[in-house]
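In what follows, structures are represented as structure tokens.
Shared chain: chain A. Partners: chain B in the first complex, chain C in the second.
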Partner chain A sequence: MKRSLLILAVIAIAAILLGLALDPRSYGVRVLCLILMAAALGQAWNIVGGLANQISLGHAAFFGIGAYTSTVLQVQFELTPWIGMPIGAVLAAVAAGAIALPTMRLKGPYFALATLAFGEICRIGAQAMSGVTGGPQGLSVPFYGDSLAMMQFRQPGAYVPLFAALFFLVSAVFAVMSHGRLGYMLRAVRENEEAAEVTGIDTVRIKLTGAIISAACTALVGGLFAQFTFFIDPDTVFSTTEISIRAALIAIVGGVGLLWGPIVGALFVVLVEEFLNSTLSDALPGISPFLFGVALVVIVIARPEGLVSFRHLVTDRFGKKGKEA
Partner chain B sequence: MTPLVQAILDGLLVGGVYGVVAVGLSLVFGVLGIVNFAQAEFLMLGMYVAWFAWSFLGLDPMLGAVLALAAGFMLGYVIQRLLVQRVMSSDHVAQIFLTVGLLAVMENGALMIFGPDFRSVQTDAQMISYRLGPFFISAVYLKAFVAAVAISVALWALLNRTWLGRAIRATAQDAPAAQLFGINTRWIYGIAFGLGAALTAFGGGIVLSFAPAYPTIGANYVVLMFTVVVLGGLGSVMGALLGGLLVGIVQSASTLVLPIQLQNLALFVIFIAVLALRPEGLLGKAAK
Partner chain C sequence: MMIELENVTGGYGHRTIIEGIDLLVAEGETVAILGVNTAGKTTLIRAISGALPHQKGHIRFEGRDISDDPPHARVSSGLACVPEGRHIFPQMSVVENLMVGAYHRRSSALDEDLEAAFTLFPRLKERRRQMAGTLSGGEQQMVSFCRAMMARPKLLLMDEPSHGLAPMMVEEVHSAINDVNSRGIAVLLVEQNVSSALRVASRGYVLDHGRITLEGTAGELADDPFVKKTYLGI
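Now for the complex of A and B:
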């Protein structure tokens, strides 16, 4: 585990150095931020999706709660996101607990369906509560100029250390969980829930803990996203395709349940997306999500015995690395 | 009292259409055991087929829906044989993500081919509504409801009165046993998936008579469709049709007490509650 944490720290520091080397206003720096954010988002999803194999299609709910909480607190009370984001994480954790209680016993597609509906409920809720959230028109982050205290900057370059830190934090949470007691219990639940129960694991409590941690991490990513883009609206931050499915895709492309999965996945997804957006999307809007859909289908068809076996694929390819993560 | 009865009346008519749209989803689950997250995309597809039939051939959406039925069947059959068949015995993670991938492909494929424009039809029926005492019945919803009832009866006859229907039901109950009795279950899986896609596409054709087509319309129907089938019991054909009526009424009646933006919120809450409390559906035991 120490080695994993060390490598993560090296990646995060390398990203910060790369950010310093690049022009802080450049497109490249923006892409770097997006990659780090995608990796953090995928990793947060990986905590429940990967370790416990609970396929959530509703992580946008927590992303959006995080984004809205810190932004609304800024608009209404001028509260800094340094405090607003943790509050958002707590609220998302509470929401995760509230939705987990009725849905935790659901298996496979039923769980996926329930989470999908929960994400949609949050989107509709945000649109309806226009007094607080600004409704469908969205909400702008009040601009204070370059200010570390308010966590906002004119140039995307200044966000690189923040995204790198968040990436490190979420990945470290995953690494620690994955190697710890909780990770083993979640995996036991994944492999065989009944057997896990028989051996004395409180499966509901374990899954609940995983869901809450995952939701809190996702909310932090959402909060920083709002700071980065200065504008949020329900259709963006609560989007099933742009957030929920994308989070899952990032983890799956790189290898579900693996520490390195979302990192590889984020590199791949964001780079392909940005390349397509800058070259083809004027002529063909929808080309990048289309290709990601194709990628999902191809991945599943190539490994029909289930995505869990990606783990084994990676283990075969890279020796022990796969197992360790 | 009058507004409530009117709302129930409206809800019942639209609910019939919801039932047809969702019954395909239930059929696919009942026979193949797969939850098809891409099912709503066949609705989108059916709407486009019906729109082109209206725009170029001058066909009424009700007739266009028949073309949509055929197109949906062919596409569904091909998708099942080429792709879905390969994950039939895989774990649910693979099945979920195959169909989620299909969803992204179909939705964005439509965006690339048809563009983001809204496409709607103008028909005479949209102008007419009938008076029934203090109540009004819009001709377009009435026609849609009649078409929904017609296709439901046809489906019932197919499943209960033909050899193919018996083969489909036998495969749903016990595929290995059905195979022992000489049924080519792989072929039946293809037929059932095609039939499910066809019914949803037909529903799309009907929906076009009162709502515009656009590439992401499927997303608006996903949760609605799942609510319908979960209410009726996932896998139950009859349940889906009744669930459709119930959802139509709830949706329509909730506009009386809730603001319009929250129209679907009531549905989603019911959906999660039913999933959590009675995953086998409100109507007793699920077919599978």
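Now for the complex of A and C:
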């Protein structure tokens, strides 16, 4: 586990250095931020989707709660996101607990559908509560200029360390969980719930804990997303396709349940998406979601371990021994 | 008294499977529950482990009524279970399976317990890194057995530990039960294989159509004409 944390730290620092090397206003820096954000989002999803193997399609609920909480607190009370984002994480954790209690006995597609519906309820709720959220018109983050205290900057380059830190935080949470007691217990519950229960695991408490941690991490990503884009609306931050499915896609394409899965998945999804948008958006608009759908089907059928399972192609070439299990 | 069942009735929904069960296991004792398929043996074990809560009556563990405790709380009290059909975690290694058995304790003596578990079945130690799902049936039974031992139980419930095993493996599992028993742990054993169960246990109950029809020492049961005729085929 120490080795995993070390590699994660190296990746995060390398991303920060790359951010410094690039022009802070450039397109490249923006893509770098999007990759780090996608990796953090996928990793947060991976806690529930990978370790507990509960395929949630409602993580936009927590992303949106995180984004709206810190933004609303800024608009109404001028509260800094440094405090607003953790509050958003707590609210998302509460929401996750509330939805986990009735849904945790559901399996497979039923769990997916229930969480999907929950995400939609949150989106519609945010549209309806226009007094607080601004409704469908959305909400702008109040502009203070470059201000570390208010976590906002004119240039995307300044966000790279923030996204890198968040990426490291969420990935470290996943690494510690998956190598620790909690991770093993989640895996045991995933493999055989009744056996886990008679082995002494409080399965309800374990599933609840996993759901809450995953939701809190997702909310932090949502909060930083709002700071990065300066504008949020219900259709964006509570989006089923852009957030919920994307979080699952990133983890599954990369390698579900694996620490390196969402990282590889984020690189793949963001880079392919940006490339297609810049080259083919005139001729074939909307081609990237189509391709991701195809990629998802192919990977689930042909390579359930995800793109990470191709790592031996790289390690063999350099004559190194494959990573030990 | 280790465990005491008083007038326990249980089943699935309105369908009663076991009725009016009175049963005792003393400290350090090995007791067998005998019966054919559909007699209600597994329902009885699941009622005691809490996987299928019973509907009427009382279950007392060390004098305390545990009828309302969920399964994991019963494990914490010292009542571990080797479920029927083994129920291991197939995608986890042997060691990981065993560690999970001890996680509810939050203690740090895991390595000692792991060594103690491996003395029961040294073969598992050789396979410690192997995925449990790739082991043979007998080895999976060993994993399930050792996983229950990791909970440091005072009473071990075993549901058909010899089911589907080769005769040599049955011997090995039964000698491990004797070994566990000699460490002072009480065992409540459910078996279809009556002759070997009566060799392991000191006392037994015969379960038929959800009721206890006969009880006695292993010797008495082995000599009983009904048991001889029905279960031993003599």
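The rule is short, and it goes like this: the second predicted complex is superposed on the first by the 302 of 325 C-alpha atoms of A that agree within 3 Å, B and C clash if a C-alpha of one lies under 4 Å from a C-alpha of the other, contacts with A are read in each partner's own complex, and residues count from 1 in each chain.
The rule is short, and it goes like this: contacts are C-beta pairs under 8 Å (C-beta built on N, C-alpha and C of every residue); 3 or more make two chains touch, one makes a residue touch a chain.
What you see is a predicted model, and the numbers here were worked out from it, not measured in a lab.
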| task | Name the contact category of A:195: first (chain B only), second (chain C only), both, or neither. | result | second
| query | Does the superposition put A:17 against chain B (first), chain C (second), both, or neither? | reply | neither
| task | Return first, second, both or neither, reflecting whether A:187 touches chain B, chain C, both chains, or no partner chain. | result | second
| message | Let me test your reading of the model: by the given contact rule, A:6 touches which partner, first (chain B), second (chain C), both or neither? | response | neither
| task | Using the superposition on chain A described above, determine whether A:98 touches chain B (first), chain C (second), both, or neither. | result | neither
| request: Could you say whether A:132 touches chain B, chain C, both of them, or neither, answering first, second, both or neither? | output: neither
| field | Contacts of A:293 with chain B and chain C, given as first, second, both or neither | value | first
| query | Which of the two partners, first being chain B and second being chain C, lies in contact with A:203: first, second, both, or neither? | reply | second
| field | Intersection of the chain A residues that touch chain B with those that touch chain C | value | none
| Footprint of chain A on chain B - complex, ascending | 35, 37, 83, 86-87, 90-98, 100-109, 111-112, 116, 215, 219, 222-223, 226-227, 230, 259, 261-262, 264-265, 268-269, 271-273, 275-277, 279
| chain C contact footprint on chain A (complex, rising order) | 181, 184-185, 187-188, 191-192, 194-203, 325
| query | In their complex, what parts of chain A are in touch with chain B? | reply | 53, 55, 57, 99, 102-103, 105-110, 112-114, 116-118, 120-121, 124-125, 127-128, 240-241, 245, 248, 252, 256, 284-287, 289-290, 292-297, 299-301, 303-308
| task | Could you pull out which chain C residues touch chain A in their complex? | result | 49-51, 70-73, 75-76, 80-81, 83, 87-92, 96, 99-101, 103-105, 129, 147-148, 151
